[in-house]
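We just call them A, B, C and D in the order they show up, numbering each chain from 1.
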Amino acid sequence: MKIVALVGSLRENSFNMQLVKTIQKRYRTLFDVEIADIGILPHYNEDDEHAPSEEVKWYKQQIVEADAVIISTPEFNWSIPGVLQNALDWLSRVERPLVGKPVLPMGVSQGALGTVRAQLHLRQVLMSMGINANILPPAGNEIFIGAAGQKFQDGELTDEATLQFLDQVMDNFVAFVKEETK
Amino acid sequence: MKIVALVGSLRENSFNMQLVKTIQKRYRTLFDVEIADIGILPHYNEDDEHAPSEEVKWYKQQIVEADAVIISTPEFNWSIPGVLQNALDWLSRVERPLVGKPVLPMGVSQGALGTVRAQLHLRQVLMSMGINANILPPAGNEIFIGAAGQKFQDGELTDEATLQFLDQVMDNFVAFVKEETK
Amino acid sequence: MKIVALVGSLRENSFNMQLVKTIQKRYRTLFDVEIADIGILPHYNEDDEHAPSEEVKWYKQQIVEADAVIISTPEFNWSIPGVLQNALDWLSRVERPLVGKPVLPMGVSQGALGTVRAQLHLRQVLMSMGINANILPPAGNEIFIGAAGQKFQDGELTDEATLQFLDQVMDNFVAFVKEETK
Amino acid sequence: MKIVALVGSLRENSFNMQLVKTIQKRYRTLFDVEIADIGILPHYNEDDEHAPSEEVKWYKQQIVEADAVIISTPEFNWSIPGVLQNALDWLSRVERPLVGKPVLPMGVSQGALGTVRAQLHLRQVLMSMGINANILPPAGNEIFIGAAGQKFQDGELTDEATLQFLDQVMDNFVAFVKEETK
């Protein structure tokens, strides 16, 4: 199973990137995680959507080849970062490879709330694209990791309770992906 | 009075850009409109926020010098484009020049709805930044220009009823800016 | 096929009620529409959720017996009316009969926008309940009926273009219900 | 200073009610808190808005006489309860006594998130009513009380860290009310 991960933060020591790398390593027997760098994408421009740059082509191809997509986002201004919104803008036009792909949203914050408002907006954007049927159902599966400073060490998520919760959600997601793609 | 305009669409024949240019010309005796090109901004990266690129510095300085800000946006995926979200991300950190500035949201679409969902999200982002007190109150002042194909000609808004409505809102906005900045 | 309709407006000459009655009559060979009066429901109170009043029991039973649900709503304050929110609150606790039922949102307004913001919120509430997978996909199926004063006569929707659009959406919805419930 | 409090939960042992009663007692030298029972209000009906019931008249009069309004809400379905939405519906039509009143949103939940999604929607509803300018600015003033089971005892908020935070926000709110109403 191949999963493509999109990370909404570009900073070097991003906790969201650390979360994705933790997932990549911890569940490597369950699936392969490819991290698509959305920071290389140009700003979406309708004039270019039928002949996009190599970066955009590469990025969309990653999604085409994925069995499922993970989106890990910080919260900026009660919403998602522009760079992530832009990455979704590219997916919403012409070839729309996210449609029908199982998606799992998640997020990490240094504050207490774990990006809940960002993910609410992310779900709405996905819903608009007709992806809603393929988001892992939220009950029991919402990943809001707050107080990141206490839960990550040496570039990895190390908080045991959070890891156990993540184990459950990943089991649910793998089962969901198998069901959706069979 | 100096107004800076942000335009959420980068395409060459953008109706939102045409709207802003119509405003720039039609109300030139009331205020000067400077159009800040948000397409030149890099994706926001927290690592760079204290030493941003020249483009970011120039852009933030435009807002510092403005008496008020107009934001004209298309609707992408029931939300605003990533490029606009990104431009707001830069304004929300370190020096925050939008705080306290009067803001007027607007938008043009080819469909019937005139970007109402995009503007709803835009208001929420502005609210998170503490700008809410300075948005022109919505009652009677919401600018949703649908059916753009019928209302624009030769690069300008020409629909008479829409122009008359715009005249009223601009009067309201100028009065609001004077009140807020006195 | 039995469809239960919820109407977010309680006023006697509600355009949303007229829309539902038009649907009830026009598509009577495709499905039966039962209109559940949500105005009789008490305000939701968690203390009563395990032993609700007769009205609540009757209402939830209507949903249990439905093959699908139509929700037609006005827009109040960029959102749905409290009376409709309350009707959804009752469905979200203890027995949750809306889960798994196909849902079709719609709305009528006297203004131009046709309740688009109300329906955006309605979709979010449904998504929280895990209903998202069962909402008719929005592309081509969003029913925003504005300018109601010109489109309804003698208590019925009579605007020909709107009726033809409605015919298409209803075909799509019937096919969707059959697919989802088979 | 007279503050009217609206509580979004009707259950007898509501933590939101306990929060409001804690505020009523703890800050009694700063302001009087009147708790308006929104559970007695009928569902809003436009047909009745010009000649509302005694309950509605009494309720709107409470708001008229208030210097400021506190709204404490649980989160239902990522939103506010219908009963609270309904109470706001009544305030949004004909006489609109909430316009211009300083408002402070807050909420308590048993889970970790402290009603953050409910308050996000509440802010949007208030914004639509033109109240946005009068909400206490969010930075530093957002009251999300999670894990209520550990923070309340014998019907009162007793968690010391939360109380100290509340002391600060209440100081900010009192100063804001004085500024807005002078």
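One rule holds for everything that comes next: a residue touches a chain if its C-beta (ideal position, glycine included) is under 8 Å from a C-beta of that chain, and two chains touch if they have at least 3 such contacts.
None of these values were measured; they are calculated from a predicted model.
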I want to compare two interfaces, B-C and C-D. Which one has more contacting C-beta pairs?
C-D
Which listed pair, B-D, C-D or A-D, reproduces A-B with over half its contact pairs identical?
C-D
Gap in Å, rounded to a whole number, between the CA centres of chain C and chain B:
35
Report the inter-centroid distance (CA atoms only) between chain A and chain C in whole Å.
32
Length of the line joining the C-alpha centres of chain C and chain D, rounded to whole Å:
29
Two-or-more-chain contact residues of chain B, please, as numbers and ranges.
78, 120, 124, 127-128
Under the stated contact criterion, what part of chain A meets chain C in this complex?
120, 123-124, 127-128, 130, 132-133, 135, 137-139
For chain A, which residues count as touching chain D in their complex?
78, 112-114, 116-117, 120, 144, 146
How about chain C: which of its residues touch chain D in the complex?
9-12, 39, 43-47, 76-89, 92, 121, 124-125, 127-129
